[in-house]
Amino acid sequence: LKEGVSYIACGKTSGAVGTFAYFKPEVEEYICKRIGISYAVVSTQVVSRERFAYYLSLLSLIGSTLERFATEVRHLHRTEVDEAKEPFYQGQKGSSAMPHKQNPIICERICGLSRLLRANMLAAFENINLWHERDISHSSAERVILPDSTIIIDYMIKKMIEVVKNLRVNPKSMLKNMELNRGLIYSQKILLKLMEKGLPRIKAYDLVQDISLRVINNNSSFKKEVLNDARMAKLLKKETIEEIFNPYTYLDNIDKIYKRLI
Amino acid sequence: LKEGVSYIACGKTSGAVGTFAYFKPEVEEYICKRIGISYAVVSTQVVSRERFAYYLSLLSLIGSTLERFATEVRHLHRTEVDEAKEPFYQGQKGSSAMPHKQNPIICERICGLSRLLRANMLAAFENINLWHERDISHSSAERVILPDSTIIIDYMIKKMIEVVKNLRVNPKSMLKNMELNRGLIYSQKILLKLMEKGLPRIKAYDLVQDISLRVINNNSSFKKEVLNDARMAKLLKKETIEEIFNPYTYLDNIDKIYKRLI
Amino acid sequence: LKEGVSYIACGKTSGAVGTFAYFKPEVEEYICKRIGISYAVVSTQVVSRERFAYYLSLLSLIGSTLERFATEVRHLHRTEVDEAKEPFYQGQKGSSAMPHKQNPIICERICGLSRLLRANMLAAFENINLWHERDISHSSAERVILPDSTIIIDYMIKKMIEVVKNLRVNPKSMLKNMELNRGLIYSQKILLKLMEKGLPRIKAYDLVQDISLRVINNNSSFKKEVLNDARMAKLLKKETIEEIFNPYTYLDNIDKIYKRLI
Amino acid sequence: LKEGVSYIACGKTSGAVGTFAYFKPEVEEYICKRIGISYAVVSTQVVSRERFAYYLSLLSLIGSTLERFATEVRHLHRTEVDEAKEPFYQGQKGSSAMPHKQNPIICERICGLSRLLRANMLAAFENINLWHERDISHSSAERVILPDSTIIIDYMIKKMIEVVKNLRVNPKSMLKNMELNRGLIYSQKILLKLMEKGLPRIKAYDLVQDISLRVINNNSSFKKEVLNDARMAKLLKKETIEEIFNPYTYLDNIDKIYKRLI
């Protein structure tokens, strides 16, 4: 966002066709410096609309990324998943038809607004191709897309912060959902351990898929099937298998990831 | 699709600027009739590109609707929902990383292709604004978007038919998921029945929401809470409540809906 | 436009998930008939957003076509062409920098607004893919795109009518511009007449291009060069050539074209 | 372009869900450094599609700017303007219908291709919103838009260079066209000089517009009308007016502008 603003915070005083007929280039440089903005290296009657298109593409990138976060919450919010919910305030009405239903309305709104940002970006890109030293066609579009997009992104960011800060996380459901496929989420760990032991990937994959399908068809536990499989027994020790089925090793690098981010 | 084809299956022989300088309008009408297509009532050097934009907008409408169907399958396919799955063929590899994992790859592909249809439609709309009697700018875009979009829609339709025909439906999960909120899906039926008995909507809504929240907070059954609620007892008879909690009444109109459709 | 309105003027009373749990399909049919709209053959909690996307695509088709008309006026308006100008009202200010300059500001505005219609259409297409029986994501976008697009198209149509009704046509410039290439616009007529006389197209084309380049290089008149060309003299009589250089034959079919249109 | 490439030249080895379950973050950093690319600070199963959307938005910015250059050539190329023409090669066929006609086909092609770049960018933005740790929907779209867009931009740049290098500039037409409005292009210079002499802008504007309209209506010369105007005579000396009507002063800053650019 900061990068985008610095790119469009750009002035020009090069006159009606960009020839500096009335002010010298040095005047432009002086004025823009005084205001604290950059100057357009080359300009016509106007600053190139490419700058605005670039700006709206950055807003749309931010918007589409917020949409991705919001979509994640919408997925986690559904009754069958129930891992996280956006805030629901005391006194808030639920669905108008179904009183018990708490819909992820903020996240759904964020998704809809992201569509507007993409749409406005598009009009900004079409605005670039002005005729000669300028025509005024960009103006009617910009009067809508510039205020709308900046207001929308401000609103989206505020709302997403509100959602993240007040997210109602449900760790019990998370653990329950992890067990839904009866240990199959550890299949990749088994696969890699087999390869580590020298089994070629294709053989390791076929072996793991074979046991996996048995788990699915017999409604059984992956851990048990692995422990009971004669082929596995030859390749992996019991303690190794026990260690593989420990979910907490997935968190080993979490601090490093956060550190990188911040 | 048929409507769209009839709209673009349209000819013209009105010459280089549309003045019929060499063939009379009657010749155009005769030729187009012989070929079995319509003729452009007014044309320039070319048939108006509006026709192609309209055609691609219809393809994109079909594509976006297929995307909606495919999104529905993707939702139903997830482990936590497990109500329906796209086909998985004998010998098909699962996820490359996780051997047990059967991803809804066909439906995800349909969603991605729908984005291409929308994109191509957009180029077709920009093609409308040709200069004077024609410029050739539409040609470089049309050589890509017309074959790509028609090939894509054909592929999407075939794949969606394949998915629907071979959908692996899981009625057990459906019934289980219906019970996930312990009867709250019947809250609207209660609401409407209360209104039928003369309770104003706002009062009925508040009463139902009050009981609903109790169900959520106490992890109890909606049916039991309704039966045990003193306020309810005054308004609804036990048999009425029993009847409300029967899911099969939702299927009463299913035949009529299918009849309307076909 | 009428077709589009009839397509979105469509109602539903099939309830919160489209099962007609509270009103029978017959009630829906009766109500919609009374209001004078169609009913959605199949619906979920809402009418399919495909209808709105289709409607906005029709508005955008109209808008892009108006943009094409407006672009034509902008071309004809330029100083070097000067064949037609959009109205300039008594007391209207010209360009703010150049007092004499009358810019085609209405037509430029129409072009800019057409970009907004295309952009809004796009958001409408993304709105189609709602989750399950509906999510509310379409709502935040529709609150902007539906009123904006309908207001914009209304304004564009009114403005274009105003431009066409008050177009300041300059037939003198038209005739002058027709003479700018010293008769070369009749080259196709010569080409076709030569083919009529039995010359193969490729030979006729080469002969006409040869003479054309002479006209361009010598800054001479095409008619004179044709009349003086020995090869031509063998193929076409002097009277035939004279007839070919008569511009009014291009208007022969004008009444028929208007009749077809209206 | 360089900035864009550095942004997408970004690797990850954080595993199937981004937890670094099999390689530590340090391994990722080492590998990416060895290859000479950056690493994704946070990733899921894939690198965020935001990177590809950003890249395609930069390609589209470049494309839309090339389109603007190409549109300028198309304008200058037209018979009535005739100030510059794209190259026409010995032996090249002109328009298929009109042998003499040399169309700006390269520039028109560049304009059409720019529409494809905008369209592909749009699909890239829709690709950002992947579900959870990834879904594969982006893949079917990326297989088309990534190769197509990079091939298109390469072709456009090469073609635009060819056009600029071989542009057939016609300075005679430029001077002739400058005289088309009989000196009115100097109206802003007069306007500003009047303001310099102390006349308020609104009065200066009205005076210049008044004389301008006389020039237009009488088909006379602006310079003569200014010299003959009694009000002007009171404000500006004859030598000042003569100096104002010298076109070469517009080139005063041309070297500085080029210096800034390079």
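By letter and in written order, the chains are A, B, C and D; residue numbering begins at 1 in each of them.
Operating definition for what follows: a contact is a pair of C-beta atoms (placed from the backbone, for glycine too) under 8 Å apart; a residue touches a chain by one contact, two chains touch by 3 or more.
As the structure is a prediction and not an experimental result, all values here were calculated from the model.
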Quick check: more C-beta contact pairs in A-C or A-D? A-D
Chain whose mean Cα position lies farthest from chain B: D
With centres defined as the mean C-alpha position, give me the chain A-chain B separation in Å. 25
When the C-alpha atoms of chain A and chain C are each averaged to a single point, how far apart are the two points in Å? 39
Just how far, in Å, is the C-alpha centre of chain D from the one of chain A? 31
Return the residues of chain D touching two or more other chains; collapse runs of consecutive numbers into ranges. 16, 97-98, 111, 118, 122, 126, 131, 188
Of chain C, residues touching chain B in the complex: 16, 18-22, 24-25, 41-42, 48, 50, 53-54, 57, 60-61, 64-65, 67-68, 71-72, 75, 111, 114, 118, 121-122, 125-126, 128-132, 188-189, 192, 249-254, 256-257, 260-261
Residue numbers of chain B touching chain A in their complex, please. 78-81, 93-94, 97-101, 122, 126, 177, 180-181, 184-185, 187-188, 191, 205, 208-209, 212-213, 215-216, 222
Chain B residues touching chain D - in the complex, by the definition given at the top: 15-16, 45, 74, 95, 97-98, 103, 105, 108-109, 111-113, 115-116, 118-120, 122-123, 126-127, 131, 135-142, 144-145, 148
